[in-house]
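In the two complexes below, chain A is the common chain; its partner is chain B in one and chain C in the other.
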Partner chain A sequence: MSTFSFLETTTWQCNSCGLPLQPAKVTATYLGGSFNVELMACPQCGFILVPEDLAVGKMLEVEQLLEDK
Partner chain B sequence: MDQPQLRELEARCIQEEQPFCTAACPIHVDVRAFMAALAKGDLREGRKVLDRTMPFPEIIGRLCDQPCRPFCKRGEIGDPLAVGRLEHYCVTNTQTVVKLPKLPAKGGKVVVVGAGLSGMTAALDLARKGRPTTLVTSFPGIGGRLRDYPETTLPPSALAQAAELLFSYGVVLYTAVSLDPEAIDGLIATHDAAYFDWDEIAFSQLPFAANTPDPLTLALDRAGCFGGGGTADGSAYSAIKQVDDGRRATLSIERFLQKVSLTAQRDKEGSCATRMVTVTKHYAPAAEILPADPASGYTAAEAQAEAGRCIRCECLECVKQCVYLREYKEYPKTLIRKIYNNQAIVQGTRNANKMINACSLCDQCATICPNDFPVAEVVRTTRGNMVDNQHMPPSPHDFALEDMRFSLSEHCSLSRHQPGTASSRYLFYPGCQLSGSAPEAVKRVYDFLGAQLQGGVALMLSCCGIPAHWAGQKELFQQTLDAFRAEIKRLGNPTVITACSSCLSIFKEFAADIETTSLWETLDALELPANAQVRSTTSAAPTTPLTLHDPCTARHQHAMQASVRSLCAKLGLEIVENPYNGELADCCGYGGLMQFANQPLGRKAAMVKAERSPLNGLAYCAMCRDNLVAAGKPVAHLLDYLFPTPEGGNPLVRPNPGFSQRHENRARLKNELATTLWQEADAPVAAHKQIRLIISQEVLDLLNSRHILEEDVQRVIHHTEAMGQYLINPANNHRLACFRPVRVTYWVEYEPTDQGYLIHTGYSHRMQLQEDKQ
Partner chain C sequence: MEALSPCPPAPPVTPITLYEQDELSELTGGALRPGGIALTAELLTYCNLEPGSSVLDIGCGPGHTLNLMATNFGLTPTGLDPSASMLEKAAQQAPTAAILQGTATAIPCGQSRFDAVVCECVLSLTGDVAASLQEMHRVLRPGGVLILTDIYCKRPELQPDLPDLQSCASRALPLDVVTDGLAQAGFALVSLRERSDLLKQLAGQIIFSYGSLEKFWQLFMGAEAARRTCCALAAAPLGYYALVAEKEARHG
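Up next is the complex of A and B:
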């Protein structure tokens, strides 16, 4: 399965771990569909950042595509 | 929906029926397409249309006696189109553009006896179908009576061109043949079928006693022999009748040679009726363009102007009014076909899902349709099937169904006898949207009804279940209805007075055993409330006339509509009716959950309804009022004038409360009524609800459009602040946190302040994310 990268430098940091976010490999699943993506996440606790433009853009598009499968 | 049901439904939509001209034309020339081409000045395209249907355009185009003209709908708004003159203009200014193909040769030798236009047509059509065809005439050339026309009407070149065309298809021509009965008997004996053109041949020349040919098949008494054309039936000579007979005979001969029924399914042959409906009242009348010089016919400009008068007859009456059909560029026949195909997909993308979920189910189209095409019924049934087959996408309806569940929950619902009573003759059912939009009005109406009606007035705050009905959630809808029925029974079967036309439509259709009426009919039967704002006596009364916006769910509730108008008259409200009201009312975008499945389309629907009149509006459906106001139109609710707020204020501009405020209003209404009227204890406030938010109107609108409630925001902050688990931006101290209560992950960017949490944005997604552990 190919991996889609949505990595971008970010000023967000993890509050509880006090660490800057780093690229992480993430599995995104919805309605039985599953994708490998790269997102920024906390290297310690694994808090994954979903930026606003990704959520209302590409992610929404893919969700709707899966809903029509 | 299976194939036969699909066909039956498709047949009810008449958009693809022949226009009146084409149906009346014995050879069904596509006059509409011909006019469209000429109106563009595209003569070549016009000639193509003629070449496809006319056997010899250079002859028929000059001689057509235009039997279509009396049927031209332009005649209702001016003069019918000069079809014949335009055909003449086209064929005199063009050469052949389309030459129809010749099918592979097959058996079945045919002789055509007599070479008038009817015989020529039969010979040409038979040869095109691959039949070896011989054309025999006693004259020196083809044409029969055509040869008698003056050259100015029919130049000899037209006949020469026709002869060339016949040769090119392989027709064998014998001229100057002696055609006595014996010779004709010989021709019949050496061929498999024969056609006699009465333009040249007399009955007496036949070697058998000829009967009058059967009008449908043109068959004579001898098997394989057919006759037509000329003026044998006593009518005047008509070129198009010659062609009609020749073509009819060709089909009979084909069937005879194939040994199939000569008569089956021939009702659309020749001039026939059409089911097409075209409404002409919106077109400006226009008189026929006459050529400045009748002898030389139309100039290019005259022809173009005359063809431009064609109104291109079609139906589309529903599409003209329905924002949904226009958006998806469908008419009911094509829509239903797409729905059928979408349902048939086993694996692959169901591209029509969004379209299916975007219909408002308002039934305006069926009311307009001359054949009552039931789009809403089909779409609703389809949604039910999608739910049953687990093919219904979750996102279009989730939010509305959650909203419905909230209205039904203990936070909002209430059902009590009038305080101090143990039985109820009536029950006031305001409905969830009025409770969400104008909770104070609900209180005032209930006070009034309780004081005015005898026998006790119970109150029920609840939801009728229409969102589940619209979403195809049959089970949930049935449960809601069962619960309503049980509660009505528990209260001693009072008459239910609904403020919402949707609730009333649901109860009337699915709980017909329960006595129901509208609030408007009830109020109309009582004296006006003491504080009702009668025009000119109060400052908040409208200063200009209002247009009334009937809701789509009141379409067939005539008594309710009449009571609303009566109340307006009593209030002194000046009402100006717009044409798309009453039975033709538009949906405001909420119906069928349109605004959730296709948000921009929902907004368009509200705009269309709002713009039916330039006047400010008056609605009596809470959703209509709020959606029209959101579309920028000043609209009041009738209750605003019947039960004005003591504080005053202009009800035309009261803002749409939005989804969060609706929730809040419903819950607060329930709590206030329970505590003040029934002396019940205050409902405990959940911890997350105590979180104070500061949200600008801009962010509130954004959250509203993204279907994120303030309560969702409170939940995120409550959850993350307790755990300290959020992201932080050291540059501005903003926090970013997420929480997934059930199916949706909500994200909130916020900032703690002394007054509460300042919200910067919110968004959501349905996908679940999991970091891959190395």
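Up next is the complex of A and C:
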């Protein structure tokens, strides 16, 4: 079982719905790949918070992986 | 510019059978290989086997392909695997399938017994590709089809030097070794698909699920061995193929 998670307590809330974000299983499509990941999302409209660690860290690692060597 | 440091030598570790690890099962929807059950369904659809056709799944693992063949395609599957624990899972997953314990190099079945043979991400693990392909050819009826998928090594001189890991990634073969072996065994190649995108997809999912490839390998080995495994895999260009071959009638 994976012990790693991008989920984190956050003070961000959905601007449109005014609701606090909750953990959600989402599918991220990136560079032609499709990945399952748990992120904080608005429980009403589904708007997803992409944390900085994911955007500039893991996405870069995946990008390097998906590029042809 | 910072100089690149070479991979450290392999420390002694206990051999690990990767496909028996629950973590890989979770990542692949139980199928334990790149592409998962969706690629299997794609290839079975392509082969258009008659309902009731007898199909041998070599290295059936926990039986997801057996279940797919019986439930979605109306086929009559038989599973073969050396692992008793995997066969136990396969019997639960596909209760109508016949289950056999054995290896690809000595298939415990008579000749011309099957209409099709499926072997997914297993061939490079069998230890003797030529003997395995000859056995697959022997148990197929003339005109029967072989569905074969596996990791391959794009540049043989850069074969990954991994710790003692029972995985197709550590024994990846050059693709021409496989195609030459097929021809020598008496198979005609019908379709060869380059599906390295599926290998990258699985590696990307590992990063999203475990934080990094190194953390994933640390589940099965020490930190140093995990670092070395990542280092070796990053340097080795690996790909994934899916092919369909036919047993030529004259060899029947």
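The definition used in the following text is that the second predicted complex is superposed on the first by the 63 of 69 C-alpha atoms of A that agree within 3 Å, B and C clash if a C-alpha of one lies under 4 Å from a C-alpha of the other, contacts with A are read in each partner's own complex, and residues count from 1 in each chain.
In this text, a contact is a pair of C-beta atoms (placed from the backbone, for glycine too) under 8 Å apart; a residue touches a chain by one contact, two chains touch by 3 or more.
Since this is a predicted model, take the numbers as computed values, not measurements.
In the superposition on chain A, A:65 makes contact with both chain B and chain C. In the superposition on chain A, A:32 contacts chain C only, with no contact to chain B. Shared-chain residue A:48: touches chain B; no touch with chain C.
Look at A:11: by the touch rule set out above, it reaches chain B but stays clear of chain C. Annotation: chain A residues 28, 30, 36-37, 62, 65, 69 touch chain B in one complex and chain C in the other.
Those residues of chain C that touch chain A in the complex are listed here as 22-23, 26, 197, 200-201, 203-205, 207-213, 215, 237. Residues 1-2, 4, 28, 30, 32-37, 58, 61-62, 65-66, 69 of chain A are the ones that touch chain C when the two sit in their complex. Residues 11-16, 21, 24-31, 36-37, 39, 41, 45-50, 52, 55-56, 59-60, 62-65, 67-69 of chain A are the ones that touch chain B when the two sit in their complex.
On the chain B side of its complex with chain A, the touching residues are 348-351, 353-354, 393-395, 706, 723-731, 735-736, 738, 745, 747, 749, 761, 763-772.
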